[in-house]
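Common to both upcoming complexes is chain A, partnered first by chain B, then by chain C.
What follows is the complex of A and B.
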């Protein structure tokens, strides 16, 4: 299908018009058909050209650049990179007395987020979807309300949460007014190192439930209802039906939800950057935030290479997690 | 779920409104539990917005007291000051510009690319498609720094185009995935018969595929517009000139400038949140269908 010479000489040598290269494409292949195929390929290139050009510049180039930079030392202003081989990776993972402890702490925090956010999100979104699917009245309105956290996730809502979570904020007052004053936090929920990370995890779950719920809901609505009726005829009660029929049938959707949330927990750091900036101390520092700090918040220190290396470590972990998740879900299924 | 699914056909055959499932105490209890759960989660979803609105309508003294949700002396003063004196009208316009440009470009560029991936045959199709999808796993933070350095070289750092181009490319994996799925569900006979009638490729794309994929197109437009409107990470390190600030950065600047005045801050947050909520509500119908198509496909 490549740039073919004029079809006429070929035609005489091969009556069916297929060249060696074109063998994969099925016959019959008259000159007219081949011409139209070539035209189709040209149109194909024309249609993808803008996407590919943008991808080459903003995607491939930047990814490649970041990869190279992960083997160098640079502060953004030096005229030249200082090549250091795998030093950045070694420093981050175990060697540097300055960076490796920070990375280890951030890795633990990230791990907690990666476990808690997907599990809690599924644990809330699945029952919510089942219950929402069982009501007819108001279900549209409720769905819109439940979706607000996703639509507004960002700095505005994080500031609103900060307002609620501060020492004399709404949550402390609510707890006191219902007699749970012992649970209130005099330093604010984000000021206490013990409660800061769990609090952020809960806000993250709050933001993640809408998409998960909607995906479960679409799964429930496209489910073959004869299976459910069959289960009922076999005498399975409501709970039994949910656990033994509905939940297993929705496993592919659960896999997608878990994967999306794992990815976001591993890589996302916006909420940490805005609400705590990793504090108090390093209690809410995560790997994504540490990468951002090394890249942008370290002024003139030559940590750009370190930042790139940490970013690539995150990328590799993300691929491993995606792979493991896929295998695990297949085995369970 | 099961109860309603099973009872529907029975109701259809019987008298439509009068005859319902017999109301024994158990169904009444389970119904009120369901209602309670749904209401509780609605309250949780709305909780921060309630306080956002509450603070935005309080005056400077009252907001310091905290404690009560309903303002005693509701005032629009904070709101109008934020809008005019703090230049939130300008920031609003900047945000609108960036979000519109990004969304339009995403829809145009990736609708075309996905049409090629789903319908046309050309060498390298599968490899390119996979390459786009792998990008889904590249952490945004990996490309953030190279993007800033590259844009510095190209002299677009700090401009709105410097935000739009990486945003568009960042949406690529999702857009290609969703739209390719949507286009490949269109029966190929439609294209073939249109081609027989002499319609060109552009014509087939514009008058057959685009209209049929409308839910998916609106879905991807929303999935682009929402995060773009809220984007913070790249914008924060790109924009230096306050005149070019988008709403999230203006909000951030407001917080770091002085002692936090929560009524002003929440009024600004409300200005940020309300447009995107309205947009979502108006296009929600398509959004749900579009996502369903994506899941099924």
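What follows is the complex of A and C.
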């Protein structure tokens, strides 16, 4: 049996002999068609121009401006910057007897926050998600209730927390009314240097748990149920299933949650500014707040360059954290 | 069909050009002096707005020039806005500024008109002699501007960047007159010891709301409003200045320093609970709402208290007193300019702006402003200030002293340039109200911190 095979014609035939595979055939172009295409391209550029300009101004320009500022001394008003090279970085990290001790203290506080907030958030959000995932009735209502802190988090909520935590606030009243008066704080939970930072950490965790819980819940609901059934058939109990099957499968999500909270802990300062302004004394000063203070609360002293340098130091730390997290995720993945 | 897109494109380009040109012209124009008959003024004091608006009405009737007043609060928002406006040539015609602070910074940066050629003797004769030169760059300020890290870089000796609008001082204690009367006190305390006795008596009678409030969230307040005036009276001028030196035999770690801190520490049991977490406004509100019986502030506090419902007639005010056996037993508080008026370089109506500043400086206008704003004017109020500005403000004016032994809170010439009162205040707050450590610890920590500022300056 013979088969008549008709050779398939090449899609394009190029005079230089290169393959023209997957290339569209260009129609013959007339001057009118070229003008039309040019006009079309111009309109395209016109439409994306606002976004490009915004990115250039708000993104590239400000980043570049901030980077250059970190090598200068300036108070926001002088007509010229006073270039100081790497002095700002050196002063912040070790050299200045005024600024380096403040930065070191703030770094310790920041480190505590960076450790406590992600760990506590995961420790609370994961069990909460597991419980919510197994609830059959009112699960939608319960999810909404647990998600409420995220929806309401903001400046107003920080002020509300202040009222709860003050000497005559709801928390002290509650403790006294249930016979735990010895645990109440006569100066308020934010007025005692020993309780101020742990209290702020708890408020941060309260704000962070909803999103973490939602991410865990998403992971749980997309999990292949046959894995859990297989574990049960193998004789694993509920606890064993959670720790040996569910938890390892959710590690990538845990890594994301930890990274997000590390970033917030490292760079966030609003809660510290609003609720304590770094006090009492210097008990709750963190690096993010110190950057803000150097930039805007230093009575017009020329420390904007120092603030910018501290911001870049924080950026480098954040990069390192992200890199470590990425490596960890690769291993876990 | 092809004609329509072309026309559309042309129209679009024309419209975009018009919008762009309008935006560019608006940006170049700035807000200052939009019209020769209109002026714009920014202030960081909300309590000054109604009084300034009332004065502006009178000014408009006399000159036909309208003055629009805008308050931008708090202070850091005001400074940020001024910095942003300066970079876009959007400054208003007139600014209310912190005297001998913002004015020199803005002036050194070229944002303000030098008024030294305009403000003559006839103008300054309206002011109290003690504050007539406030706003000028003295030799001391000029020398300060030459040191590395100075915020006054660019000023020249003899320049004047503001004229005073309000004067006063820190270190004024406000007490609830009715509550004091309940425990038998009708007169202010003459000494620190009497003050502590008064606090104790009220505290025992009213354990829940008998305390003293201070806004330690701005930690410099405990230092500058309470400890410093007390220590100045206790030790006298030179030993007080030496507390801020790097001499271990005379600074806060010395015998003098520890003695002053020991005296100051006697106030520890009487703080309103949670005062270490309060802002200045919150502390004032605590007093105004009856949650505290005493409040530490300045002459400027009265307006805020009244605005928040406190009856000024129920306020007993007195200067922080020195202890018994003090070097200056009858110490008074010297007034200094708290805020001033500056004309910006962006103004397109310099003459109108100067007229407005000159108008506000007139004694009759200043008295009206003082009564409305409940803030002391820089003008000479004569032998009976009560007649000029009312009983409470008048009593406060009369309590200010021009004596050479008076404590001058604005004199900071004895401190290193890098000195940061907020940081020093944080260290002091550790001692009281946080009650961590004894006077010797506090003295040592204060001395170490101030020593670091001297090291920074000499680096």
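As a convention for this text, the second predicted complex is superposed on the first by the 277 of 333 C-alpha atoms of A that agree within 3 Å, B and C clash if a C-alpha of one lies under 4 Å from a C-alpha of the other, contacts with A are read in each partner's own complex, and residues count from 1 in each chain.
As a working rule, a contact is a pair of C-beta atoms (placed from the backbone, for glycine too) under 8 Å apart; a residue touches a chain by one contact, two chains touch by 3 or more.
Fair warning: this is a prediction, and the values are worked out from it, not measured in the lab.
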Touching partner for A:94 - first (chain B), second (chain C), both, neither: neither
Touching partner for A:108 - first (chain B), second (chain C), both, neither: neither
Which of chain B and chain C A:323 touches, first, second, both or neither: neither
Contacts of A:279 with chain B and chain C, given as first, second, both or neither: second
Touching partner for A:269 - first (chain B), second (chain C), both, neither: first
Chain C versus chain B, contacts on chain A by residue: B
First, second, both or neither for A:86, with chain B first and chain C second: neither
Which of chain B and chain C A:76 touches, first, second, both or neither: both
Touched partner set for A:247, first chain B, second chain C, both or neither: neither
Those residues of chain A which chain B touches in one complex and chain C touches in the other: 76, 168, 296
Residues of chain B that touch chain A when the two form their complex: 1-6, 34-35, 37-38, 41-42, 44-49, 51-52, 55, 66-67, 69, 108-110, 112-113, 115-117, 120-123, 125, 128, 131-132, 135-147, 149-150, 165-166, 168-170, 172, 176, 201, 205, 226, 229-233, 237, 247-248, 251-252, 255, 262, 265-266, 268-270, 272-273, 276-277, 280-281, 284, 288, 291-292, 295-296
Complex interface listing, chain C residues touching chain A: 9, 76, 79-80, 82-83, 86, 101-102, 105-106, 108-111, 149-151, 153-154, 216-219, 273-277, 279, 418, 420, 422-423, 426-427, 429-430, 433-434, 436, 451-453, 455-456, 459
Interface residues, chain A side, partner chain B - complex: 1-2, 37, 40-45, 47-48, 50-52, 54-55, 57-59, 61-63, 65-66, 69, 76, 124, 127-128, 130-136, 138, 142-157, 159-161, 163-164, 168-170, 173, 206, 210, 214-215, 218-222, 225, 228-229, 231-232, 238, 241-242, 246, 253, 256, 263, 266-267, 269-270, 273-274, 288, 291-292, 295-296, 304, 307-308, 311-312, 314-315, 318-319, 322
Residues of chain A touching chain C in the complex: 39, 73, 75-79, 96-98, 101-102, 162, 166-168, 186-188, 190-191, 193, 276-277, 279-282, 296-302
